[in-house]
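One chain, subunit A, appears in both complexes that follow, with subunit B as partner in the first and subunit C in the second.
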Partner chain A sequence: MIYFDNAATTRMKPPQVAEAVAAAINDFGGVGRGVHEASLDAGLTVFRCRRALATLFNAPDAKRVVFAANVTEALNVVISGLLHRGDHAITTAASHNSVLRPLFRKADEEQVDVSILSVSRDASIDYDEYERLFKPTTRLVVVTHASNLTGDVYDVARMARIAHEHGALICIDTAQTAGAVPLDMARDGLDIVAFTGHKSLYGPQGTGGLALAEGVDIPSFKEGGTGTHSYDRRQPDFYPEHLEAGTLNAHGIAGLLAGVSYLQDKGIDSLAAQVHELTERFEEGALGIEGIKVYGGHADIGRTGIVALNVGELDSGTVADALGHDYGICVRAGAHCAPLMHRALGTDTQGAVRFSFSSFNTPEEVDAGIRALREIARA
Partner chain B sequence: MQRTKTPKVIVTFSSLSDALAVEDSAKEHGFAGRIIPVPSELDAGCGFAWAADVEKRAEIEGALEAYGLDHEGVFVLDMY
Partner chain C sequence: MLESLPTNNMSGNLTLGCFQLARLLFLLGHAFFLPVREGHPIFDCPFCHVPAHPGEKIDCCLTFGSHADAFALHECARAHGYSTRISTTPRAIQASCGVGLLVECGDVAHLEELARRERIDMEDIVPLPCQIDPRRDKYC
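After this line comes the complex of A and B, so read on.
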């Protein structure tokens, strides 16, 4: 099998990730549920993971890193908590349904006013048009850091500056960039970073969360046991417990810590350079095939390891199925949970075939992908 | 076995994360103590405290200061 679906989830992880999960399952008690060794081992691992993520994102403190089941849940916590009747929110057409659907729910149920910044056919956005969307009632900007369809990275530091000038908070969806693109909350003025653990952070599925700048306060999303402050009637008002209830996924978080430690050891820049080389190699090869059309991927500020394409007028599902069935190459086809981006690119009927690479892929695998694509295009 | 009370230095915290930060720092820097359930005489909602023999008080207070470890209070209690 050749796995080029890393934008969905990274399948090839550093071996220490699975080792850490296995050790945790065999050893851990519940975080905060006791002062015995099993509970403290779990608690310490979770704390170290918070600290490692705070360092990775340059968040203010380990306590400002909150865990959730995935980035979708994390984004729901933010959108559900911060937006209410009378508020205005801004997003972009590059957003995933993890942003769009919670916003549309707010629009439908609480009449929250939602503006969507358009995306051009080349996947770029106009930052002047973005600024023109602000209103006196704008409370929150929720934008993807990079398109999950084309890999284009957007200038979130610039978007944060503009949001702050208008008195709004900014939350960025880093599903495609956490671990793949260096992030610096303090430098870039990012109020809220929503992350997933199972993509470029190399952690297990079921891990993700939020990193919050100092002073950002989000109403609790759920209420329940924290293991501490048991006599308080409601969820504690301090972080991370304020946004966490129930037993944490310490087994998964142990794996996430191993993944983040791997990244810190190797360096994000170094791994990103490997992915970039593979991406460029693939794109160059694909563009040499007659009938291939590539979408986006050329934002000024950078790209992740994604090449989205179509083969002539072939349905993207047909191409993905041939790659999988005939060549053992795993890619994703269809709508990619990004309906507005497909409309912007003109691919809402055909969908797109997404090749997405990780640092565990090789040039030989990329060349095999190009050969397979050439054969499918010829047929 | 006869159990007798001895004076202990007790550090309390407002959150589990603060207690775990001390645990982590103690493992790294080697200062005395361990996490215990907060004694009922003290009011610390997080339920976790750091405890060591009372003669280690200066060492622990020095570590809390040196490593910037958040905590609520430092007490001395006779404990089993």
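After this line comes the complex of A and C, so read on.
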């Protein structure tokens, strides 16, 4: 099998990730529940993972890193907690349904006013148009750091600056960039970073969360046990417990810590350079095949390891099926949970075939992918 | 199940009585007799290495609202060579579950400074008699 669906989840992880999860399953007690050795193993591991993520994102401190089941849950916490009747929110057409659906629900059920910044056919956005969307009631901007369809990275520092000038908070969806693109919350003025653990952070599925800038407060969305202040009637108002009720996925977080530690050892820049080389190699090869059309991927400030394409007028699902069945190559076709982006690119009917690479892929695998595409295009 | 939870009633419990006395004296010392630096009293525990009963050692328990703060100070303190141990917060200290950090009372001033520098929030500093005593407080 050749796995080119790393934008969905990284399948090939550093071996220490699985080792950490296995050790955690064998060793951990309840995280934050009790102070015996087994519980402390879990508690300290979770704390170390918070600290590692705070360092990775340059968040204020470990306490401002809150775990959730995934980035979708994290984004829902932000959107449902911060937006209320009369508020205005801004997003972009590059957003994933994990942003769009919670926003649309707010619009439908609570009359939250939602503006969507358009994306052009080359997947770029117009930052002047973005600024024109602000209103006196704009409370929150929720944008993707990079398109999960084309890999284009957007200038979130610029967007944050504009949002702050208008008195709004900015939340970025880093599903495609956490671990793949260096992030600096302090430098870029990011208020809220929603992350997933199982993609470029190399953690297990079921991990993700939020990193919050100092002063950002989100109402708790669930209440329950925290292992602290048990006699208080209400959820603690301090972080991370404020947004964490119930036993955390400490087994998964142990794996996430191993993944983040791997990233820190290797360096995001170094791994990103490997991915970039594979991506460029693939794109160059694909563009040499007659009938192949590539979408986006040429943003000024960078791209992730994604190449989205179509082969002539072939349905993207047909191409993905041929790649999987005949060549053992795993890619993702269809809508990628990014309906507005597909409409912007004109691929809402055909879909697109998304190849996405990780640092564990090899140039030989990339060349095999190009050969397979060439044969499919000839057929 | 609620009936089986430990209560906060300290009457008739010798260990808790000692604890209360030690805490009261500690707080009085903290509040009235210690020099003030930047608005906070400089900790110089009057009980450090002074037994509550002959042969009894007093440790200090640092308490926190968040587990993350306790773990943060534990790791930070150890990295700076201080002896710390994470323990269950005695129920008598606060009416809630939680983790505490057992430290030498003589280290408290340094640990407070470390916590301030690392932006770690502590709730309280409480002297406790003999934490390895099997008769010690009941836990959550």
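To be clear about the criterion, the second predicted complex is superposed on the first by the 379 of 379 C-alpha atoms of A that agree within 3 Å, B and C clash if a C-alpha of one lies under 4 Å from a C-alpha of the other, contacts with A are read in each partner's own complex, and residues count from 1 in each chain.
Definition applied: a contact is a pair of C-beta atoms (placed from the backbone, for glycine too) under 8 Å apart; a residue touches a chain by one contact, two chains touch by 3 or more.
A quick note: this is a predicted structure, and the numbers were derived from the prediction, not measured.
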item	value
Clash-or-fit label for the pair subunit B, subunit C on subunit A	clash
Which superposed partner A:47 touches (first subunit B, second subunit C, both, neither)	both
Which of subunit B and subunit C A:334 touches, first, second, both or neither	neither
Subunit B versus subunit C as contact partner of A:206, first or second or both or neither	neither
First (subunit B), second (subunit C), both or neither touched by A:240	both
On subunit A, the residue positions that both subunit B and subunit C contact, one per complex	32, 35, 40, 43-44, 47-48, 50-51, 62-63, 227-232, 236, 238, 240-241
Of subunit A, residues touching subunit C in the complex	32, 34-35, 40, 43-44, 47-48, 50-51, 60-63, 227-232, 236, 238-241
Parts of subunit B lying in touch with subunit A, wherever the complex brings them together	14-18, 20-21, 23-24, 27, 35-37, 45-48
Parts of subunit A lying in touch with subunit B, wherever the complex brings them together	31-32, 35, 40, 43-44, 46-48, 50-51, 62-63, 226-232, 236, 238, 240-241
Subunit C to subunit A touching residues, read off their complex	65-69, 71-72, 74-75, 86-88, 94-99, 118-119, 121, 139-140
